[in-house]
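Given below, in the form of structure tokens, are the structures.
Two complexes follow with chain A in common, the first pairing it with chain B and the second with chain C.
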Partner chain A sequence: MATHSNDHLDEAVLMARPEAEIGRLGSRSLVLGGAGVLLALVGFFVSRETFLQSYLVGYIFWLSITLGSLGILMIHHLTGGAWGMVGRRIWEAGTKTLPLMVILFLPIAFNLEGLYAWARPEAAHDPVVQLKVAYLNAPFFYVRAVLFFVIWGGLIYVLNRWSREQDEEPARLIGPKDRRFRLLSGPGLCLLVITVTFMSVDWVMSLDPHFYSTIFGVLMLGGQGLATMAFTILVLSALVRFDPMARVAKPDVFHDLGKLMFAFVMLWAYFNVSQLLIIWSANLPEEIPFYLERLNGPWRWVSTILLLLQFVLPFLFLLSRDLKRNPSAVRWVATVILVMRVVDLVWTIGPVFRHEGSGLHWLDFALVLAIGALWLPLFWRSLAGRPLVPARDPYFKEAMAHVGH
Partner chain B sequence: MSASEYPKGDPRAPIPVITPGHSFTSITDKLSDMVLTYNTPLAWVITTAIGFCLLMLLIVALAYLVFTGIGIWGNNAPVGWAFDIINFVWWIGIGHAGTLISAILLLFKQDWRTSINRFAEAMTLFAVACALIFPLFHTGRPWLAWYWLLPYPNTMALWPNFRSPLLWDVFAVGTYGSVSAIFWFTGLIPDLATFRDRAVHPVAKRIYGVLSLGWRGSARHWWRYETAYLLLAGLSTPLVLSVHTVVSFDFAVSVLPGWHATIFPPYFVAGAIFAGFAMVLTLAIPLRALYRLHDVITLRHIENMAKVTLVTGLIVVYGYACEAFFGWYSGSEYERFMLKNRIYYGPYAWSYWALLLCNFVVPQILWIKKFRHNLAIVFTVCMFVNVGMWLERFVIIVTSLHRDFLPSSWDMYYPTFWDFATLAGTIGLFLTLMFVFVRVLPMISIFEVRTLLPEAHPKPQHEEGAHR
Partner chain C sequence: MSHHAAATGPAIHGLMAEFDSAQALLDAATAAQKAGYTRVDAYSPFPIHGLAEAIGFRERLIPKFVFVAGATGGTLAFSFQYWVSAIDYPLNIGGRPYFSWVSFIPVSFELTILFAAFTAVISMLALNGLPQPYHPVFNNPAFARASQDRFFFVIEATDPRFDLDETRAFLNGLNPREVVAVED
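This part shows the complex of A and B:
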């Protein structure tokens, strides 16, 4: 490994807050979001039902970046490494959108009957649902939702506060206080995995109360990781054009982040193949309708697109070392992956309701953009509110020493 | 992390990968003298003798099996698969740590792996060998097994069932075994050349010379070698996932409650790594004491391996929790019955609770750094995990089979003496192979450990740190 002096890692430069540049990036994302809001409004009056389904898609999509950021942030605290030092503020800003996600949950909470079959009066005559009524009932659903938000909110609040404290203190040697990130992140990750698993059951899987798959929580976790890695690479490829990110987000760092995204692409495929193969070969009446619906009729081509664009294409492109090291190339792969995350969520949620037509609906994308119009400004504002690089983390210099160029 | 960022003498500073003070020569001397010597430690002789006795038991058990038939095992009508598949999965799982350490940790740039990868890889090969004995002898006539297992154009135009995961097992384990062997041997070549140059006895010199394939250590050799090694690491990485995924399919693609769960593939893989790391620690701790390897296998290694054990153990527990929750949530009568039967209702409920004790309760002790640094505690936890991972397969296989859909066919399963003898025998085979390996080949990769020394990284004075 090349020897390097750390002169370019001057703390004063790294601690700068490029608010103007970030503001410009933020206003650019507003244009798309604004269009989404308008379309969503139209959709609201055209079809309430589809609006609600698409709302759930948009909500779960943005929530997956909020929670994925929390998860990857905690993994970074546990493992260290330059890739995490560079991505850290992006994830911290991502987690700070949680209050918005709490408010945006209310439309779902107030429309349980519109979305969840078990919440409708007919469910009283469904013998299978009756067997699960101890879990699938509105009061317990709300209690769990509150519990999820309290746990996520607690972790997010504490990690962000400690990180701010670290910025305010002058750089120093590693002290007893710096272990606290790690001490919290271990148990924190366990809590996150458990809550996201139950969240995936409550908010997504129970749309069809007959279906169950033990890998569902893992699929949700993997999807969150994939979406967050793609989002991180996309944001970083914009931030890298100016200081201070230009000094730290070297091709080596993009390479590492690209490899992680590559790993998540393969994990996503692995989890999905596992689920498909096991359900397909057992061919049990309580499970197989999930795939009968999705591999036939209007959803067939959506499945094909997912296979090609969320696995085959990113897989082939991300094999290339040069592509992973080039921000302006890898961001296109990240964009495709993010769009495919939306399609994947529609593929998971949509077939419960839509059995004819084209499967994908324009409202799905409109609502992703519309919720993004609220989520992204909050994200950019949080990002601009803190130094972009955690230069005062005592582990920072050591982590960056491993970065060549 | 290098220690440079910590205040001097801070007890929280990470332990270096190699105890400072070693040079290229001292490392090479120390590691090659373990093999190129006439002094065999007494503890080595005793352990190998025990292993060898058990190996003899294996031969007796297998000979009796071949002459009599698999009726000597406790397998019966509902439990048609028991010790044979439990032990197969147990051994295959143990074999996973080797590839993970050598391939995935290499790709993750975890340089501490170099002190442990060689014997972990050897362990993988020996564990795979032990595993293969079970399905092979379960066929009853193992000398005919090739005709049944391998797809080849025969005169009766009969093919094995390509839809059966048992056939995929043949391919998956076959690939895994051969790639692991190539990887292991490739890694050995430079060290074999060192042995060739250092051995005094002419026969030893000759053998090491042939095995080192004409290695001269030229720059060109090294360049090709490093490329090949990295490529092999890339090829081996998917194998870490694929083998136990296919093993999990053996169960999961069926319709039997307790077997049919979509989480099985990742959960089996995590379990395999969990078992594998526990076994690496089980071997590393005594070997480290026996050969006084404290400078090369430091507490840093023990701690890191303990952490991997803890994390993969938690993933396994997540699997148990998902199985239990979704078993209830499914609303299926059979799933719920299986769950009740497994947890408190059935005659084998004790094994589920013993499993939770071994794999869930005991490993939690590894959260505490002080205990991760205590060899006796880490060793004890690993013994629990070794037992726990065996029990896990017992729970999955026997508990699910002994109460199937039809109450009239329910029966209990009792292993016979020969079941235990075969299990103990494979442990003997494993121990024997492992200790013979330690005696005749470099147990720790000499050339890779040398790269961890400060000598290998000439740096400007102001930059400290023992490694990259």
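This part shows the complex of A and C:
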């Protein structure tokens, strides 16, 4: 009857591609990115060392949205629901930036000595590193990196191809064939969690080869989920201003996405407290320097800012039901979280190199913007290239049936 | 007088309409809200999406209680641990400072959850008026099926717009299986 009619979900309208509007959003993000490129160029000539460290921060930041998109896309295929139908194209477009991330990995791959202590000649005299040399050596590092990209690329290629088939040949998909998304996403998520865990150990944790934390990979996974939810809400709050998103991204959907972002905020805090509590209690000489460095000196303030702006403030704001349902309010919380994701990565990576002076460096943010200047255009182009709503998914109508107001 | 029947017979709790489907119940609640009825209630064997809004149910108190209780629990736990380990009975444990806030986190977290959860359940029961040994809706024998396969909608006699004949006619217009006046 009247309350359950789906007349406003007319397929022809939903399958529209608002290329002009998306193009305008894309050019807006280019302005910020352009400024970042200029600053990054300046930084490259000022300090080659800091540039490389900041480059790693920027790279890991954008990679976390690429891989977080893949993870959340697969969770959506497994669970269904309106929030996933509305966010799906954003995540699919996010995953399609992987080829760029492969190319952007090359500067890291060719500068191992500049970043990783175990790759430097001095490491030969370090007895601790010598015990880990079977794992921490350049050839094996490259083999693992290739393996990660092949696994991620395979999942991304197949999921996007099937999704395209759903749009182009919907008649063939009704029936057992639409189960293939689920059948792939279950094992796919396991593969993603394993590869991201190893990736975090290889690319981030091994910066200091003496330090180890078994929760490190999970912490990175939680951070990827948090960054991706914040990014999704930010993009959606821009897309909701015009059709077809205006028809499906109702306050109910923002409410659900806001709740998920809230859950990731708490998950991030939970993982961090777990790591702190275990390392602090054990007080072992291999582990405790990680926190001695970060809870004293210039990094102490960065730690405080992180606690306040990536946990306390978002936690208190996201408790509110009305705020989560209001796109123009919740996007500010999402913006703060995204900025704090950068600060968190600098907090993780920076203290390995910077022991005195200021903790945060302007180059960290410049390189996030500069890599964004490459990542975002690719993202917007992929987003404009497909219908913005997966209206031909066999579960679409069922999922949207309860989206009221 | 339309209240004639009510004045001579037993007092009336309200008019109860019985429906076959969740959708019919939802539509009835929406129609009643449009017609201006405010003191209504709906009964179904399972939760129905959107029904709470349709009967005008707006509960905003419990979240506030829970927040205050959670904040109290956390603060209490943290300051109690501080008082015990730094003021009342300082013990040197492995050379760590007396005010070791890291080790206070788990207990503070647990007490936040404990206070919040108990407050949520207790204030829900208090505001619901539960447990309630007697409720007039059970005076209708057919109501037993509210926990199986029937859906009931009640417009209570205390509703300012309630009028036995008019309200009965309104409910009959919604295609119910039956409309029954429930004794109080």
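Going forward, the second predicted complex is superposed on the first by the 398 of 405 C-alpha atoms of A that agree within 3 Å, B and C clash if a C-alpha of one lies under 4 Å from a C-alpha of the other, contacts with A are read in each partner's own complex, and residues count from 1 in each chain.
Methods note: a contact is a pair of C-beta atoms (placed from the backbone, for glycine too) under 8 Å apart; a residue touches a chain by one contact, two chains touch by 3 or more.
Quantities reported herein were computed from a predicted structural model and do not represent experimental measurements.
When both complexes are superposed on chain A, chain B and chain C occupy overlapping space and clash. Looking at the shared chain after the overlay, A:Val193 reaches chain B, while chain C stays out of its contact range. Of the two partner chains placed by superposition, chain B and chain C are both touched by A:Leu277. Of the two partner chains placed by superposition, only chain C is touched by A:Leu319; chain B is not.
Looking at the shared chain after the overlay, A:Ile215 reaches chain B, while chain C stays out of its contact range. By the touch criterion defined above, A:His402 reaches both chain B and chain C.
Contacts of A:Ser328 after superposition on the shared chain: neither chain B nor chain C is touched. Of the two partners chain B and chain C, more chain A residues are in touch with B.
After the shared chain A is superposed, the part of chain B among 4-12, 22-30 or 382-390 that runs into chain C is 22-30, by C-alpha clashes. Shared interface residues of chain A, touching chain B in one complex and chain C in the other, are 1, 3, 277, 281, 402.
Residue ranges of chain A in contact with chain C, taken from their complex: 1-4, 273, 276-277, 280-281, 283, 319, 321, 402, 404. Of all the residues in chain A, the ones that touch chain B in their complex are 1, 3, 80, 128-129, 131-132, 135, 173-174, 176, 179, 186, 190, 193-194, 197, 201, 210, 212-218, 270-271, 274-275, 277-279, 281-282, 284, 286, 394-395, 397-398, 401-402. Here chain C touches chain A in the complex through residues 23, 26-27, 30, 49-50, 53, 63, 67, 94, 102-103, 105-106, 109, going by the rule given at the top.
Chain B contributes residues 1-2, 4-7, 10, 12, 163, 241, 245, 249, 252-255, 260-266, 314, 318, 321-323, 326, 329-332, 367, 459-460, 463, 465, 468 to its touches with chain A in the complex.
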